[in-house]
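Both complexes shown next keep chain A, but they swap its partner, so chain B is in the first and chain C is in the second.
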Partner chain A sequence: MVTAEHVSERRLSIPNNPITGVLLAIPAYFAGLWLGTLFGLNDDANTGIILGYTFATVAFLIGVGFLNYPLERLFGWRVSPISDPEENRGIGRFFRLSLDHKVIGMQYLVTILIMLLFGGIGAMLIRSSLLSPDSSITPPGQYIMLIGLHSVMMIFITSAVIVGPFGNYLVPLMIGARRMAFPRLEALSFWLVPPAAVILAAAAFWGGFPTGWTGYPPLSEQAGQGMDSYIVGFALIGLALIVSGINMLATIITLRAPGMTWTRLPIFVWGIFTTSILGMLAAPVLAVALVQLAMDRTVQTSFFLSANGGSNYLWQNLFWFFGHPEVYIFILPAFGIIMEIVPHFARKPLWGYRTGVVGLFGVALLSWFVWQHHLFVSGIAPVLRPFYMLSTELISIPTGIIFLVTLGTLWRARVWFTVPMLFCMGFLFNFLIGGISGVYLSDVPTDVTLHGSYFSMAHFHYTIMGGEIFALMAACYYWLPKMTGKMLSATIGRVHFWWMFIAFNSTFFPLFIAGILNMPRRVSSYDPALQGLNTWVTISAYFLFGSMILFAGNVIYSLFFSARPALANPWHARSLEWQLPTPVPAYNFERVPMIVGGPYDYGVPNARPVADLGGLVGVTGGG
Partner chain B sequence: MGMFRLEGQDRVHAGRLAVIWVILSVIGIVAALQIHYPPYDNSVQGADQSKTMALMTVLAVPIFIGVVLMLVYSAIFFRRRGLELVDGPPMLGNTPVQVAWIGISAVVVLFLAVVGITTLASSSAAQAVGAAGRAIGQSGETGSSTAGGQGPELQVQVVAQQWYFTYRYADYGGVETTHLYLPLNRPVELHVTSLDIIHSFWAYQLGVKADANPGVDNVFHVTPDKLGGFQVRCAELCGIWHGHMADSDGRVVSQSDFDAWIAQQQKDEADIQKALPSYAPYYFPEPLTKGS
Partner chain C sequence: MAVRTRGRDVSPGVEALLDARVVSVGVWLFLAADLFFFAGWWFAFFYLRALNNNQAWMIQGLVRPNRGFGTVVLILAVLTALAYFAASRTPGRGSVFRLLAPVSLVLGIAAVLYQGYGMWHLGFGLTDGAYPSVFSGLTGSWLVQLAGAVAWLATVVLQAGARGDTLARPHSATSFGWILLFLAAVGIINYFLLYFVA
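Entry: the complex of A and B
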């Protein structure tokens, strides 16, 4: 042993896991709180709380192990073996910082499904209090807190629920890569989510925040300390969106296997690609707005206070300039999932592949030009309303293309109605209603009545819950066999689909009517004439929640009790990820695959198998 | 591979679908036209919105039916028979169909946009005439109420605060009332503002929704043309009692009833009137700085 080697054996000697992270985060929070109050600002401790949350997040990330690599490189210590998945095959790897994209995908999936449970419980509490037309079940203060927590929690979830689990897990497999371009950024995008969720939940200790997810000042400046959770939590999610967007784009652009041309790229990857562009470019705008809001609340700036020369329109513009692309961050990966799954079960090539890609890009591009339709009645720039009306309605054209492509793929197909396929059909039905109702909201004369009513609330639940969450379910039933090595029960799956589909429509369709009949959003008391309608909706919502419990039950039953091992390619699909063995080997591909065929060439005479995988054995047949 | 061409089987399916689609669409459109759409026709603007909503539904019905029909038809006729996995015909796309789909959706969308823009333009233009030559906040001849049904626009300020609305009648010395009364058939220019945070003034039956921003004078127009009551609600989340920020005592009354009512209000509120700030486009709290 020479001295130089002895020195290089040194390393940061704390154990790296989330428990360490939490143990570091708690003192860091109080340090931030103390530092913030040192400034002596008359700000109700907001400075301290914001600093506390920020310090706690950084300390948590250090505890999880994000500082090791920079320190090791800086001081020439031995680089810890964290980047080597061969040494991390135990169950413990899911609870530690891992740089394996498959582990990160599973971490994302479990975390987000747990968050979904809490968001769903929030929804049930909201619906329960609406059983009564006055505020007798839930006092208005608690009701408004529930609205805020449910909405922001769900926004966190839906921002990441497809890109996080399925994007991270599948993109490298689909493009023939062994990892993501920036594994540490990928891990960071995941490890920012639990602190964001915890910080958001911490708002409950401060009485929540009264603004819903839109955070409009001056209400958000008037609000109590719960608002600081909104600011820091949302900023962390924004950071995760930026980081993951850059990573996905770099991966898809640079790490495609030889022969994986742009026109052979699975359409799901295109969905992730367009989403990543939006996430990378939109989230910084949100970050700017949040910093301004934080400064208004702490150091007495007045970006959003008109009495002191600011403008609350500034927030509305910044927020929706982020917020409208944000809703396409939710739905573009869902479009990708639907267009990806339908050809495999229709046993036909994706009809109009290039047009579909153009549709995804059309939606992504137009999403930047429509944000002021959220401000039609706000009084800002009435002259611009016709432009935003037109640009918003134009989005129906690329969205229509998604329908064209899927319906064209179904045409004269031999559809194999598996559970994922059922969820795809459910998606198309729900999203059709969601899309058509959106046109009502895009038109100024009708928007005057419908704006801010339950109509718009029903509209976005149709697109997000009926759209994105149905796509999530399709993805779970379709890809979990590859990710977990177990088939989900198809029998329970069918019951789950029909139960969820009927309960969903029974819950949200009446809310269109409630909106048309004069029920504003986010109210704890409403016109007693609408009580019957609301009771119906609440009971349906309980059934909807029940269907999600059934899904959770199906996952637990199928993974741990039924133990039906999944074949490597149970769906006989052509695409690359299904040609790999299950479980997927540590580095995915033994050697870099050579892509020689398209992913959807079903029934194409003389179609070549999708890839030459070298030593690996898999089903490569295409008919 | 080859281009997909309209073969016999395609023609059978397409013909069958077209017939079902036309029949169902006609039924759907007729049904859609039976509905009397809110916000009904209690005002000129409300009637416009009602009509636009009907038009949208008429256009939406065939689109909805078309797509759902395709889904149901595929589920019935394009499903796999038996247990064997069979590949379908390898159709990669069909340029004329794609061009037609995009073209038709573009035409529908542009038509809707043109209708929406003209409706919007006509309802604001009709009102702009009445508003001409009057500066915001200028109260005109105080107490003059002899103009009859078709006088110049009545200027009413809606003042929102947590958690109620009040109204100031600029033409009547800026008298402030707790309920909104409007004369029949007289164009009204609503000036919506807020004293604290963002609210939204929603007079459902009149077809008016206008955000109330602090420091902003948001102008909306309405011409009520039916006698009766209307509801006022806040439509923008404004804190704990947002759901209770409502008043169901708005009224559209005849000009003579309105004159009598406003005279009574002026008399009743005379004392309070002295303490009010003079009528202005918007109001700021004193002192202006925050946190002091």
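Entry: the complex of A and C
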């Protein structure tokens, strides 16, 4: 039997870090490739590639240090020192397995921003291709590869861009906890992302995949080896969503500080809570679809082959049962950010807090009943159309409630127009357009006409980029001072906002017109009469990309050159995370905090301070 | 790898209780996610069976998998779960736990090996229609999860010594019993679907 003494006696000196992970992953990939080729059927090496990616990912995780705990339990081996927040100081902690939620949050943020850069470069290449209406810049085969890589990379990013960095960093601070419920799972959810991104990028070496992010068979069954990257990469992101969801939910349910009742929970935490439910329950269904696709491509099963008893509609149902809740996985945390930030700068209580929570749950609940609207044009039984049209239109009601809560908070407020607040305003404007265009698309006749056009493409970019990414920017300007200890330049931030806001609308609004004029998406050629419009959009897109470069420049300048230290509470906010010192101590709270007030009681007469922290730092009162 | 749960002002007893609640909630959340995973497979089963595209749900002359074989695997899996569940609820975690948990482990290993052997000797080709696809996918997914659970069960058994983690954190070991029970329940549903309903 393994005892505590045995554990401390046996220690192997294998350094656990990403370099070890990569060094293990390379031979593991070739071992998988060899094994797959040995046992694989006549499947164009798909078995080998999928096994190779899987082995490489497992080996990478082992190299990073994820096998240590099971080994310790089984044999008493301790492979590397304990990763403990108090033992892990210095810049090196960001480059290895850490169980500190703050380190993981920062690891997520940097990784996702790097991925965003690559996704953005993909978008620029797509737009550059469309400068010519006749596929002369990029041949159709390469164009569809660009579309696939850009779309899946962006889906990976937007699945995690808020929950990953800000959920992990802030949720424990906001609920008064010292850690996440399952720190190893939390770390795993992050360390699955880099292999997923690399595997997806590897698709380019195999000629990409022609299906876009939806992966519809039979095209995905016939596609080349790049499709295997799609399968494994997406599966890893799905796994990350599941473990992240379980961890977030368990943390919020079990680790709230005394006095942090459900009705005192910050609205951002509610956004993470509802998102986590969706991620935890929807991603397993995606996993099933991906396993089936992998089996069809490797061991020659026939889940999606009609001739052999399968059906490509099976994929469409399973994929969109995940895919539509996935859309709300993007936007619910963004709603949480907007409703969180607005009261602080409106200096008013969040109007209709409970209604806002109901709105979040309403969106989350209804998102399970709308997936078949994605099948309107692919042959859904006509008798089902009215139900899914109605359920899709219904979802605008809880979304409207969330808007109402935000606007009610702004009503007659003396708004402090900081940079985060500007991005909140930009979110409201953009998402309103994205949301309303979505109501049009939920209508069957409109959807049948516009589904394959740029109208649909403009709609989802308005919701995802105009919504989620603007909320991400608001979150960065609002919370990075707490996370990094440095204030971002407000002057550059204001230029960034206006530049991004104008460039975004200049890029995507004309695409509604292009869609109405029947410009098809995913096709590299179009009617020459639309060339002027497309040139305008492409130039606007370059400006939009430039605004993101400006943001990156602002971060680098503010962190490393101007280095203006952030106060503990630069926004004079009431919520709990701002009552902690900057930088946040290793275990967040020296004593378990006692929550005695709500986070949004601005201007409330005799409002109690938000918490008793045992004199850690000053606590903001009601004023 | 120790992870400190709470601060210095929290007693070990309170920390243990909190730990138990965290693990318990986590296990139930995991089971909810896993239920959706298997629900996806069950949907595929009913969907393809109802469509019967090209009359190829179960092609003529298909040799069905051996029902007796499936029965043995199911009995082993159920006994694994029941033995562990009973062991983990024994007051005091004494000799009964140390007796039943290894028995559960042996039964679990037998179930995994037996099912694994069965997967290599299906009696039909995977290209022989939709039923073989669903059978291999659903059974394979269940087998992979059962194998993972049995591997974890091995760590629980190895940690059941006087100073092992299993006794130090008894609630975690108890919560793990629900995972085995869940897999056994899924095994029962799969058994009826694949051997009778199909």
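Note that in this section the second predicted complex is superposed on the first by the 605 of 623 C-alpha atoms of A that agree within 3 Å, B and C clash if a C-alpha of one lies under 4 Å from a C-alpha of the other, contacts with A are read in each partner's own complex, and residues count from 1 in each chain.
We take it that a residue touches a chain if its C-beta (ideal position, glycine included) is under 8 Å from a C-beta of that chain, and two chains touch if they have at least 3 such contacts.
Computed from a predicted model, the values in this text were never measured in an experiment.
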| item | value |
| --- | --- |
| Combined model on chain A: chain C and chain B, fit or clash | fit |
| Touched partner set for A:353, first chain B, second chain C, both or neither | first |
| Partner chain in contact with A:412 - chain B first, chain C second, else both or neither | first |
| Partner chain in contact with A:590 - chain B first, chain C second, else both or neither | second |
| Contacts of A:302 with chain B and chain C, given as first, second, both or neither | both |
| Touching partner for A:517 - first (chain B), second (chain C), both, neither | first |
| Degrees between the directions from chain A toward chain B and toward chain C, using C-alpha centres, nearest 10 | 100 |
| First, second, both or neither for A:397, with chain B first and chain C second | first |
| Which superposed partner A:314 touches (first chain B, second chain C, both, neither) | second |
| Residue contacts on chain A - larger count, chain B or chain C | B |
| Partner chain(s) touched by A:604 [first = chain B, second = chain C, both, neither] | first |
| Minimum C-alpha spacing, chains overlaid - chain B and chain C, in Å | 8 |
| Set intersection of chain A contacts, chain C complex versus chain B complex | 300, 302, 306-308, 311, 313 |
| Footprint of chain C on chain A - complex, ascending | 1-5, 68-70, 72-74, 82-84, 99, 178-179, 181-184, 242, 245-247, 249-250, 253-255, 280-285, 287-289, 291-292, 295-296, 299-303, 306-311, 313-314, 317-318, 321, 587, 589-592 |
| Partner chain A, residues of chain C touching it in the complex | 1-10, 18, 21-22, 25-26, 29-30, 32-34, 36-37, 39-41, 43-44, 47-48, 51-59, 126-127, 129-134, 136-137, 141, 151, 154-155, 158-165 |
| Footprint of chain A on chain B - complex, ascending | 1, 9-10, 13, 37-39, 45, 48-49, 52-53, 56, 60, 63-64, 67-68, 70-71, 74-75, 78-81, 85-94, 97-98, 101-102, 105-106, 108-109, 112-113, 116-117, 119-121, 123-124, 192, 196-198, 200, 202, 204, 207-211, 213-219, 231, 233-244, 284-285, 288-291 |
| Chain A to chain B touching residues, read off their complex | 42-43, 135, 140-141, 143-144, 147, 210-212, 214, 216-219, 222, 300, 302, 305-308, 311-313, 346-349, 351-355, 377-379, 382, 385-386, 389-390, 393-394, 396-397, 400-401, 403-404, 407-408, 410-417, 425, 428-429, 432-433, 436, 439-440, 443-446, 448-449, 451-453, 516-518, 520-527, 572, 601-605, 622-623 |
